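Next up: some structures, all given as structure tokens.
One chain, chain A, links the two complexes that follow: it is found with chain B in the first and with chain C in the second.
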Partner chain A sequence: MNFELFTLPFNLGLYFILIYSVVRITIWFRDLSRSDKLRLQRGFFGRPFMDSLREIFMESLLHRKIFRKNPVLGYMHMSLAFGWFLLIVFGTFEADFFGEKHLNPPSHAIFFRWFNPEHGAEGFARIYSIWMDLLLAFILSGLLLAIIKRFTPRLMGMKKTTKHTWTDRIALISLWLIFPSRLLAESFTCGAHGSGSFLTGNLGNALASFLPVADIAPWFWWLYSLSLGVFFFLLPISRYFHIPVELFLIFMRNSGITTGDRHSSYTEVQTHACSSCGICISTCQMSYAAGIHDIQSAYFIKGLRNDRDIAAITANCLMCGRCEEVCPVGIELGPMRLIERRQGERSDRTLKLKEKYSLMRRRSTIEKRPTQSYSYLVREEPEKADVLFFAGCMTHLTPAVIAAMKKIMDSAGVIYRFMDENGGVCCGRPLMLAGRDREARELINHNSDIIWKSGAQILVTSCPICYKVFRESYYLEARVMHHSEFINLLIEEGSLRLGYLHKKVAYHDPCELGRGSGIYEEPRAVISYVAELQSSAQEANMSLCCGGSLGNLTLSSGKRAMIAADAVRTLTLCSPDELITACPLCKKTFVQVTKTKISDIAELVAAAIPAPKREIAKRRTAKRYSGAISNS
Partner chain B sequence: MRVTQSNKFGFTINRSRLIDYDSSDRKVREYVTLREPSFRLCFACGGCTATCTAGQHTSFNLRRMNTFIRRGEIEPLREEVKRCMLCGKCLLVCPRGVNTRNVVAAAAEAIVKLERNEL
Partner chain C sequence: MKTMSAHIVVAGGGVAGMEAAGTLAGMGYRVTMIEKDDAPGGHLLQWHALFPDRRPADEVISHFRKHTEHPNLRIITGTTVEKVRNHGSGVLVSLSGGAEEQADAVIVATGFELFDAHRKEEYGYGIYDNVITSADLEAMFNRGLVAKADGSVPSRIGLVHCVGSRDEKVNNNHCSKVCCVTAVKQAIEIRKMLPSCEVFCFYMDMRMYGPYYEELYRESQEYHNVNFIRGKVSEASVNINNRLVIKVEDTLAGRPLKMELDIIVLMVGMEMAGAGMRLAEASGMKRGINRFLESTDHHYGNNLSGLRGVFYAGTCTAPMNITDTISHARAAVTETVKYLNSR
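Let's look at the complex of A and B:
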């Protein structure tokens, strides 16, 4: 009674995965840097601990983030995760209350019906059986959705789902088999003993009417145990390893550990915490607008996990950050990709099965990289100024933006110096995006030197790409402001007087300004001050990438145009008079694919500056004059 | 100046227009074209060079660099390729849609690979 041979696969699998996860996580903990270790320890005994528990409940079990995006998909994930969790918890209670003794081994709870076939005939046990059947039905409904999603992702609101490796597929099949085999095993046993509730009891009775259920039942118990066992054994080398690892990741993140700028055990944990759910694929503009389906974050992480040569995948990304925004696990996908770009090429090799289980992961050797050198740059002696205006390379290609900025600053009476009027030096961000941080540092030093020497209090830039790097990688005394922030400041101070333009406009958040630097409010405040701002379909943290991104080194111009056209279509759904952006690169990219007028926020504001009275009079005279000519 | 047949007839060949097939190495061109097929689209208009940020500080010239790659002149290319800042202005002005940033990146990689005899 106490031991059945069929429980062996389950037991072996369970103890294997428990021990394996504990050892793996211990090694990850050991490899953390000293400060991160301290953070984690402090987090474990403080407030972050409760936050983590809450997050585990809300995200790992209920999948709240996915629910918000798409309720059906959320239900699917929740029914499998939360349903299974409840089944285990209540199964354990059931075995504890109704079994022969307390504190049973796990197999007694999982295979409870086999050990207590007559259970659930009357009273409380009967109600409890209904509850257990309900839970099983809950999971099975989710499973049905999962199967539908795998074959027709569109029905589930996904544009595309992940393509899996063979280990993932076997693990997936074994996971799918677990619940139907449990249903059948319980039904056969219930049918033989006339017990069970609405699901297992009725199905059992139906089966018993034409099948020798008592003889068949053990086979399904074997199948149930085997599918569990196979699933557990494949866990460490499949995507399902995210189940234990995600819990650890949540503790690490809430303790304040961040990705940093090189591979560490935190990036390793993030790599294994990815569940390949495919939500990043579905969100990626390169996938649905440009038809590139093999470079998304799920595949990037998968390549990283299997130590493949993913240089092409790593480079082919717009770095817009939309996937990071929707990732239900909260993996820092942008920084991870940048780390990998810095690493350079890996030699491609297929991991052997033994290596996949290996606790110590050796990364393949990294090859020497080409280097740039900017020793030709001559140090300048700038004039002193309180406000320094740095247009940026891209803004030099949109002279209208520079003219507008000059007009705005002159009108507001700002005394400024134009730092790169005669062509400056690149801010360094494009190099960083290409993974060349050391070279970028040379440019950063050059620019920093000029900014420090000028003694500026405020550094205004018109390019979000520059803005991000000025804020994050420069050590400056000056306050760095994007021009939308600066204009907002001028309006609030009252030094910039503006009229109202009777126009309906839509605003496009540039990636580097919005998601990259968290500036959402200021541009909107400025625009609403001078025109009527319409809301668009995808905005703020889910705004689209224009497709021109410097983050992608390899994307062809044709594909870029496809992304741009798709983005403009979405942004102009409400047919605004003008589409406003705050980035010269977005402007340049959009102009090529649409007839809608695209303006920078500075141009919009400059147009709202009332003309001096004398000029208005001059214009009226000219009009009258031209009218007189046409009349005669 | 090399003695060629044309010299005898009073014609000279401009040094910069001379391709020396003994010293040229086409492997870099092949690698760059493989990595960035749009490299072939370049018709040497020079728009990239006119707008270049690095070009304002040094003699860096993307159009000339492309010629070096095409002709397989490795020695001048080695220095030239290091000067680019990858800022991407050339990408936006290119009328042919050449992915110029990747051309520079691929050329730099090709040089490193050449040194390791991997091309």
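Let's look at the complex of A and C:
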């Protein structure tokens, strides 16, 4: 078997990308923290390795998650990834089995038909050829869908698809060319030799009837090899680098590595594992409800990858976490954005081609921001209490919620102290969302001091924003409860007696309580106890952001209103009597855009507390009195 | 005199609608005025006295009643205009209930709605008994009694400016123009009615844009001891004595302030009326970012809708006081007549 010049682009590309990937992954491994290195080493010899193999098969090849969300899109990804994988595997077998010798170089499997033009005439080889044609047809069907998706995303159930850089575009074109050029190259060769199966054979015969196929064939083998070679060379600087990197990411994640709060090898790996598939764009309310199409996670990651100034993109996000729920690669998009917010500004520059291939971690200089101090806060000496109620500053803007909580706790006989009745200090979460951890820490220390000194066993808060930060960033002895959990506890232990309201209600999961803290069941249990709970279109982990999010630092009120109006429309599709939420900020945001009554879960429960007997008597008298007026 | 028999529909029977309808009828046109409530009069009916001279609102109402009593003017009450569209050479007007009117021209005068103070929950409207709106206070003036919910006499009242106006959080960036001077007027009225009651106004800016407004503002301080504190109220709550407490920053003194009050009056701003929004939506009329109807030109086309034969009058285009509303309605009449004559 002779060496063929046309295999050169493919061979160069292949060895380049293999060596490049190995070196790059080795450097990433080297840069990991000691504990993360240990995790990986332990993972390699344990369960995580097997889990990763399974996940790589299910997600990287079959694309099960995308399949579940959108079968057509799933088929597209699966046919390209799994189909190509099978083609390589069976191509290798084919070369090994039917070729002249065993253990061939990869190019002999890839260009098998060129080297064995007569192959597949009879017997098992004939059946094998049918199978190989079938695989090629499978991939080509996916490619057809990919082309349709690129030009008309709506046909594929996508609201938007990602806009690409020029390297991505060239890589995309070379990827698109690989399979049609293989089809044509094989067909021309088969046509010249009268071989081939249902696809390559028939197409070959047809072409042979009017073209000098033997002369044309080499050109298409060149095209096939070139498109493969170009694709491999562009891989590290295009989005398709996600193909090798994702495998490493899956293994890292399964070994227990998490994003943490600063840039690391892991954030670098996540950055390169994004395939820019655009599912996050379709899921983003900022896109489909507010018409902002350039800040979604795919663009955020792309800006990060290319070291652009993405401060505006970083700040303009609701931090609702919906994209993270649907990301097929499982990138921790929320924490990634927070890291970037902590970094402050980065200088904008366009990476040179050389820098794009650079193996070393690149981070442009980051400008330091001035910091604030809260040294003026006065230390407090709180009274002792078992239950501490912290309304939070947002709840102070919804006094009806505070009144309802007071009524509930009084009715259940809870002895509590109202920590911020006369104004308190912010929980720190808004500062953290803005990336100002150092300042947030000062507030956290201040509040922690009060909570510890009070000796409270339970800290109840009415605000999911405070709840999340109390649970995750405070070191407390007290059990932190959102009021929906606390009310549920009061109902379960029998200290809160409630009537039944004959009302149909829908429930909106606040981002920070639901996706943020995983509290889905308790609010539903409480609501179902006092009213009829309808299910709504976007629930639980896919619940919508109200639009009022503190997480967004730049969104205009008009755009927020658009998001809020769209969310309320979805939530009230079953026309409930009331829309219930469990967050003062959601309530305040929704009230601006709808006539439907918006209540906090505490207000709903407070309304279900039976009136004392004396008051019932009073109300009856009033009724009789008003009846007398209407009769006269 | 063919054009004089033209038929004009006026959508809305508030100040702008009454002014336009009465004037057109007086000129000999056949006019139909559509009013959503049981009687024309609009928001004026709820007001006790008007700024800047505290003239009784009844005087102005009776003027308009006379102005709209004309054989050429037909008033349909309890009805709204749902849609207008060009039909033949005129305008087809669809009314609620399914009836239709064929008109030669239409004047849209659907007016404004007061901001719903429940949306600013931090001020406690609907939660605390003694938090009321400026409209509720006018009703108290009409009854001749300013009192707390339990009937007792208040000793300190706070007027909160800019409730639902100039407020990003409720999606209203616009100034409602009339609330500042209304607050000054109401503060004086309270002081006259209850000389021992302290009155505080919490404002961002005092926008005394009209004739004699600035004088009234001065009078309120010189002769009536009304206190003005520059700062936006952040929230209201009640203390153990069941007295209202507000938190506000005194931005002139540069310090946060907490104050006990017996009654809080929320100076609610103006928003585009719901009926007007429906009409605009159905008829394809352009609305601005503040949701009010947008005319074809701010300066010389301020009554023009862009639809043939359809004109705008009054506060459906922007907040304005009664004087400006009347002027705007007269300008709409001029535009309408000009249009009818040119056909």
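One rule holds for everything that comes next: the second predicted complex is superposed on the first by the 629 of 632 C-alpha atoms of A that agree within 3 Å, B and C clash if a C-alpha of one lies under 4 Å from a C-alpha of the other, contacts with A are read in each partner's own complex, and residues count from 1 in each chain.
Rule of thumb we're sticking to: contacts are C-beta pairs under 8 Å (C-beta built on N, C-alpha and C of every residue); 3 or more make two chains touch, one makes a residue touch a chain.
Model, not experiment: these values are computed from the prediction.
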| item | value |
| --- | --- |
| Chain C versus chain B on the shared chain A, clash or fit after superposition | clash |
| Partner chain in contact with A:207 - chain B first, chain C second, else both or neither | neither |
| Which of chain B and chain C A:273 touches, first, second, both or neither | neither |
| Contacts of A:184 with chain B and chain C, given as first, second, both or neither | neither |
| Which superposed partner A:76 touches (first chain B, second chain C, both, neither) | neither |
| Partner chain(s) touched by A:558 [first = chain B, second = chain C, both, neither] | both |
| Which superposed partner A:399 touches (first chain B, second chain C, both, neither) | second |
| Touched partner set for A:591, first chain B, second chain C, both or neither | second |
| Touching partner for A:377 - first (chain B), second (chain C), both, neither | first |
| Which of chain B and chain C A:423 touches, first, second, both or neither | both |
| Of chain C and chain B, partner touching more chain A residues | B |
| On chain A, the residue positions that both chain B and chain C contact, one per complex | 396-397, 423, 557-558, 588 |
| Chain C partner contacts - residues on chain A that touch it in the complex | 396-400, 402-403, 423, 557-558, 561, 587-588, 591-593 |
| Parts of chain B lying in touch with chain A, wherever the complex brings them together | 36, 38, 51, 53-54, 56-58, 81-89, 92-94, 97-99, 101-102, 105, 108-109, 111-112, 116 |
| Chain C to chain A touching residues, read off their complex | 118-119, 121-122, 124, 126-128, 168-171, 173, 235-237, 247, 289 |
| Chain B-touching residues of chain A, taken from the complex the two chains share | 368-374, 376-378, 393-394, 396-397, 422-426, 430-431, 434, 436, 443, 548, 550, 553-558, 585, 588 |
